[in-house]
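What follows is one structure encoded as structure tokens, with my remarks underneath.
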Amino acid sequence: MFFKKIHSEGLAQLSYIVGDANSAFVVDPRRDCEIYREIADREGVQITHIFETHRNEDFVIGSCDLAAMTGATIYHGGRLDFHYGEITREGDQFEFGAIQVRVLETPGHTDESISLVLADTDFSREPLAVFTGDALFIGDVGRTDFFPERAEEVAGLLYDSLFDKLLPLGDGVLIYPAHGAGSVCGSGMATREFSSLGFERRFNPALQVQNKQEFIQKKVAEAHYTPPYFKQMEKFNLKGQPPLARLPRPRPLSPKQMSAEIEKGLLLLDTRSPEAYSGASIPGSLAIPLEMIPAYAGWFLEPDQPIGLVVQQVSDVARAVRYLVRVGYENVLGFLDEGLHAWEISGKSYQNIPSLYAGDLKKRLAQDHPPTLLDVRKQSEVDQGHLPGSLHIFLGELPTKQDQIPKDRPVVTFCGSGQRAIIAASILMRQGFTEVENCLGSMAACKVLGCRIVS
Amino acid sequence: MFFKKIHSEGLAQLSYIVGDANSAFVVDPRRDCEIYREIADREGVQITHIFETHRNEDFVIGSCDLAAMTGATIYHGGRLDFHYGEITREGDQFEFGAIQVRVLETPGHTDESISLVLADTDFSREPLAVFTGDALFIGDVGRTDFFPERAEEVAGLLYDSLFDKLLPLGDGVLIYPAHGAGSVCGSGMATREFSSLGFERRFNPALQVQNKQEFIQKKVAEAHYTPPYFKQMEKFNLKGQPPLARLPRPRPLSPKQMSAEIEKGLLLLDTRSPEAYSGASIPGSLAIPLEMIPAYAGWFLEPDQPIGLVVQQVSDVARAVRYLVRVGYENVLGFLDEGLHAWEISGKSYQNIPSLYAGDLKKRLAQDHPPTLLDVRKQSEVDQGHLPGSLHIFLGELPTKQDQIPKDRPVVTFCGSGQRAIIAASILMRQGFTEVENCLGSMAACKVLGCRIVS
Amino acid sequence: MFFKKIHSEGLAQLSYIVGDANSAFVVDPRRDCEIYREIADREGVQITHIFETHRNEDFVIGSCDLAAMTGATIYHGGRLDFHYGEITREGDQFEFGAIQVRVLETPGHTDESISLVLADTDFSREPLAVFTGDALFIGDVGRTDFFPERAEEVAGLLYDSLFDKLLPLGDGVLIYPAHGAGSVCGSGMATREFSSLGFERRFNPALQVQNKQEFIQKKVAEAHYTPPYFKQMEKFNLKGQPPLARLPRPRPLSPKQMSAEIEKGLLLLDTRSPEAYSGASIPGSLAIPLEMIPAYAGWFLEPDQPIGLVVQQVSDVARAVRYLVRVGYENVLGFLDEGLHAWEISGKSYQNIPSLYAGDLKKRLAQDHPPTLLDVRKQSEVDQGHLPGSLHIFLGELPTKQDQIPKDRPVVTFCGSGQRAIIAASILMRQGFTEVENCLGSMAACKVLGCRIVS
Amino acid sequence: MFFKKIHSEGLAQLSYIVGDANSAFVVDPRRDCEIYREIADREGVQITHIFETHRNEDFVIGSCDLAAMTGATIYHGGRLDFHYGEITREGDQFEFGAIQVRVLETPGHTDESISLVLADTDFSREPLAVFTGDALFIGDVGRTDFFPERAEEVAGLLYDSLFDKLLPLGDGVLIYPAHGAGSVCGSGMATREFSSLGFERRFNPALQVQNKQEFIQKKVAEAHYTPPYFKQMEKFNLKGQPPLARLPRPRPLSPKQMSAEIEKGLLLLDTRSPEAYSGASIPGSLAIPLEMIPAYAGWFLEPDQPIGLVVQQVSDVARAVRYLVRVGYENVLGFLDEGLHAWEISGKSYQNIPSLYAGDLKKRLAQDHPPTLLDVRKQSEVDQGHLPGSLHIFLGELPTKQDQIPKDRPVVTFCGSGQRAIIAASILMRQGFTEVENCLGSMAACKVLGCRIVS
């Protein structure tokens, strides 16, 4: 019996391939799904089943790609009318050598959500582990804000799934959720990726409620952000996105070629570090540091928009492409050959965004005519503490809310550590703001420096 | 928090590196320990602690190597007088970021055995997982046959460790043992490498006893083989084997050079497949197919003996070296350059060992003057069923018991599938037997073919 | 300026990617052409031109695949009516940064053969190097036996190409041919892959002639073998083979599944070593050791025939697939999961082919009733020396000439070292011969042992 | 016969491993010499000879390391009293299978310089190729400025070596020099790494002289920079640097740990891109972008100085270490864990260096109170054209000549493209200059923008 967890960075999405004897199944495959095939080949098994724990909204599921590659059959829960795959219902059982998988319907996060109970029949048919999808995470439970008009109902459904279906499987049952820390699908998740129902029952904060009513109240009161690309993902994952023959392979483009593509509507995505973007960047480009693409591209990129990349090094191109494809952006045309250096020596103009040390920020805010301090963190973070006098606009909403920012003074972008702030700075520059600075270090540095923080 | 399990093939030894924030610890490192350093570098942590769950007897522990490489401190249990490292006792605690490790003394397998209880203090100081060393495996418990004169006492100690120390940690606690299926340290282990105390409590066969007395009786009645190299490992692991500057790098040797080394006492170890060894092999060579080295080299190789390799392909050399070094054989002088092909075209003589199809074996055994059928499996396997009329000598004991084999007729070596049988065949050839055949497929094929099996 | 030579093993085919500034060209790409794209990406250039020095007959050219992947334009010589690509003629020039490429028509091997003269215009427009295709090799010149009815004419054309076009480029010009040692396109090639026109002019044996007449006589007198798949390659390379979306990915098949496919017509190709095949192999399988596939598969496999693989290790599958695809076999259905071991334990029958040490062969041949010694080397090798009394049938012609072999006595297959002899042995077994032995070591060992050799 | 050229980036140093049958030799191995061993293993040969074409001054030769690893013997020319290895003299011959190597004494660059003539005795004992060390490059010849008091003499020696020894080997002889384009050992080298004596004879600018007198005049008139570390390299390479057991492995250091080391004298080397350094950097750090380390570290680092690294990504650490070790800096203590981001969030202060677009520079220079434009290129580059009014100090000499820079106005650093200028900017910041800007794009951009250039 083999068991591999595949952690897809950025999305913090967890998928699994598990097999025994000659066959294997995959739970919630990602789009760039070659990896499952490679593992299966190495283990000498055929992937025969693909299970989707639910219709995902934060990435394009790779089921159709993997099915095309392997001939496996796709299974989902029955309470949503998928345009592809087979339906599986409570109690259905599947065998893979000594492994038995049993389906448990666990609605709440979505109606069609299922969990998969795994047994090792060499020892017992009793539950050994459970794939919980977005119902139960390690340290948190799934969001229930996707059906605002049914808010209480779906929170109640999740309660039942957790307390009447999952926890009763037994304390000793290991859990394997669909996301880890860093996902937009929950905020309290542990950085740790191993746990048991027993540990969660006792120590998962979201499960420490007196009764269903309290659980529902808490869930309904939660505030989550929903990036615009979620709608697109839901469409893709309902109808089944056509398999990619291969990952897009952007071409190297000279500054001249890139400029021509920009004229024709290409969006230039700069994936370099915040420091490098600060030092020099191409006017009009959008900064999203490489590892932040999965979490933030979906807020700012249009479906089908042609994309060009500015990278630190050529090997970043393939990684950026993976990240973009996972969230549904396949039209990655090219990358700037030889990087920003090529642009600089081409004589084309570039911008720079001064980095503002938190110690200096502190002084500037205390002086007359302070800059606008634009805090782009989430509401929940702001609630826990912010610098007095800061203006809060959540990063994802900046493109639509930038009117709130005074035009007559400099803007200093600010977040938890300065990473999201560089995205914000690049957006402001794109919008025509000219005096933009970025506080690298941001709140983390301010705390060390003993800045005054209010909440 | 990150957690990596390192499975060392062949030995089926499991080691772990776990860290948080800037520091990490390693449990039971293997000798070729570069891998821990690489993971630590990638995760941006320093390895500061090395824990040995007990003085291992089946491989050379890599603690001293890893300590030399990283500056980490080594910790063992206190009931053995190690010549290196620090002593840690029941209740000692160590912190690595949010991780807390607490020591539990769990004697039985050996007196100084400890277990390490892990907590994630971001959630609770209650146990989350436990490293159980050779006390508790997935599907089995540790051997207690190393102190024959104290057999009942140590079995009782293990009972107490299991039932009074480990199981009370709670059903929801995940377990991480020091070995998986295929290890010589236990025979009933699951092929699966994940479980919880709850699952083991209910379904681990070795834990299904009425009381301590029954447990002790069962343990005392167990029969285990103890390869001769265990003594050497115990010595090494007590005194602390000097770190290897680097893994040995055997030189390519021409047939002529290899012959000269053989004259001087080199043992030629042929790591190719059973089929290739059958097809053509060098007289006097010992066959141990590559992946079987960790399990069988220690039965047949002398400490310090110079070793030469015959490999299928050059990349096998490095793997063979790893396997040998792990069990204490560092004197790997060279490998046959260009493989057996070079030998063949050099005009030197070679032998072949006919493979005997189980269907033909069946016929031969039914005829007059049947060959000696030499079954080299373990006693426990033979007890479960063997071909009538077969002669049983366990593979590891073949060099000392070959007098039992009649010299006046052909010998067919036989095991579970034909792999161990090729080792046996090569040993017989070395001993001067001339009519040796090997039954590839062996018992597995016989079962399919409906051969008569007695037990 | 960068320059990479890609040596494709087995075929000993040499292709080249050369570039400067932003663009690059490829000469004679192989079918699995990802490698050129990777190099181009790493160097930051676009592949804009693909040159074919001639319509190849020994492998499927990768031009169409590479063009589909990169958008590059394909160029050939004008004296053959290709169904794809552009025509380029004597004197045409192409620029890639400081690189200039000039076309030279060099017929003889084929009518449309061209050479490509490279200059580094940073230094001079005079020739620096030349890609000679199959006109001039290092140590040999191209075959001229493809147009038997025009034998003298084409040999004369080659003479003119060599002496009037290539050599006059100057002694200091480096040469880059389309094949290296081991190719079926020439027999006298150096194992070395670097030379100059000056060195070849003086020391290439094929160029040491007094005049055109002598050159023609020599060429016309040459004997070459032409494998049947050449016809297929010529067709493919004339019309342009449709690009492969990806390399075939054979599935792991259990012994039972493999048997079922064999029933349906699959050919089982065993790519393991001669020793392993000797030790145990599946009845009906064809032995072609992995690295010999490019040279020998084309003699024995039918176009479009479904192929199954027996491999030593899973990683050999991908390599075997590459080798097969290069010579036009794309229908690789599956490989035997877990290798021959799976077959053995499945209870299915297997054969073995005794290996015969040359020393023992010598004795056997001297006794009464000697076996048939079947020498499968090329005529040219046999002419240089063979064992007295041997029967010569060239390996490639064995399937059609096996009637010449007496059925009433054992056959010992024999070649230069025992590698081709195992292929021959497997063919004889497929044809129903039952007493087949293989002389590993063959002629090489016989020479060392001082066997009598006649010529 | 196999032949591999190893290009060591940054140094643009070329070393070679060549072998046949069972043995191989290496010419001018680099310090991190594992690569030769790996190639030798793959090719199945033993490295038996190491040739040094001369005592190198720009890097630490790896002969002693490679000899320790392989047991090979080291050979140098006889006109310098090396403390290790063997002497070889004009006419000495060595055989490696069919390869013959013959020694040619070719003094000039240094007195003990030798060249190695290679023949392929399968074809002829006449020269096929020649390893020319620092005597003859592709497109240039060696420096002769290391013995200023013997300037004319050594230039004359080189003339004789070139015209009386090397060129007479014949036009068709391939050449393999010790350096390629980008090396500090010559300025006119081709980017191309293949040529012949014939091509060089006709087109190498340095060889286009009427007579010895003209050659000497030209050489004596050349101006070369000699970095201070050359002295150290000469010492190391004369006495033989003790082999490294392994490459240094710097530890991850937190900002706090790094600060403590800086207090104790560690030099912080920032290897990130010029843009990233501009965006934010640690006060006191020295910027040398990763790929520029081999060329520039030797100008600014003291022997034995403890070094800390700031890198873009962890994998850069190993590369930086290689580069440093090659030029003799082995004391690499640590790297900033989690990179500059960790520093920023630690609350420690950082600096930034505004990037100045060439278009804006042009305007600034035309206004009143222009900044000092500090051109740090080589004299030869400045001679070919510079912006009017710029102050020239060669980068390598900046630490000792910074008094020449006015303190009362901003400084804009400037070079060919902005890369060396960032090093200069970091040096000025270290020296206490506060208003420093860097012109990314520098002269390259100025040319495109049509700035006025004088020479």
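Going in written order, the chains are labelled A, B, C and D, and every chain counts its residues from 1.
What we mean here is this: a residue touches a chain if its C-beta (ideal position, glycine included) is under 8 Å from a C-beta of that chain, and two chains touch if they have at least 3 such contacts.
Keep in mind it's a predicted model, so treat the numbers as computed, not measured.
When the contact pairs of A-D are matched by residue number against A-B, B-D or B-C, over half are shared only with B-C. Taking B-C and A-C together, the chain pair joined by more C-beta contacts is B-C.
The distance from the centre of subunit B to the centre of subunit C, each centre being the mean of the chain's C-alpha atoms, comes to 44 Å. Mean C-alpha positions place subunit A and subunit C at a centre distance of 50 Å. Residue ranges of subunit B in contact with subunit A, taken from their complex: 1, 3, 20, 120, 122-124, 126, 128-129, 139, 170-174, 190-199, 201-204. Those residues of subunit C lying in contact with subunit B across their complex are 272-281, 312, 340-341, 344-347, 349-350, 352-355, 357-359, 417-419, 440-442, 444-449. Chain contact summary for the complex, subunit A toward subunit C: residues 22, 37, 41-42, 44-46, 69, 245-246, 249, 251-252, 254, 314, 317, 337-338.
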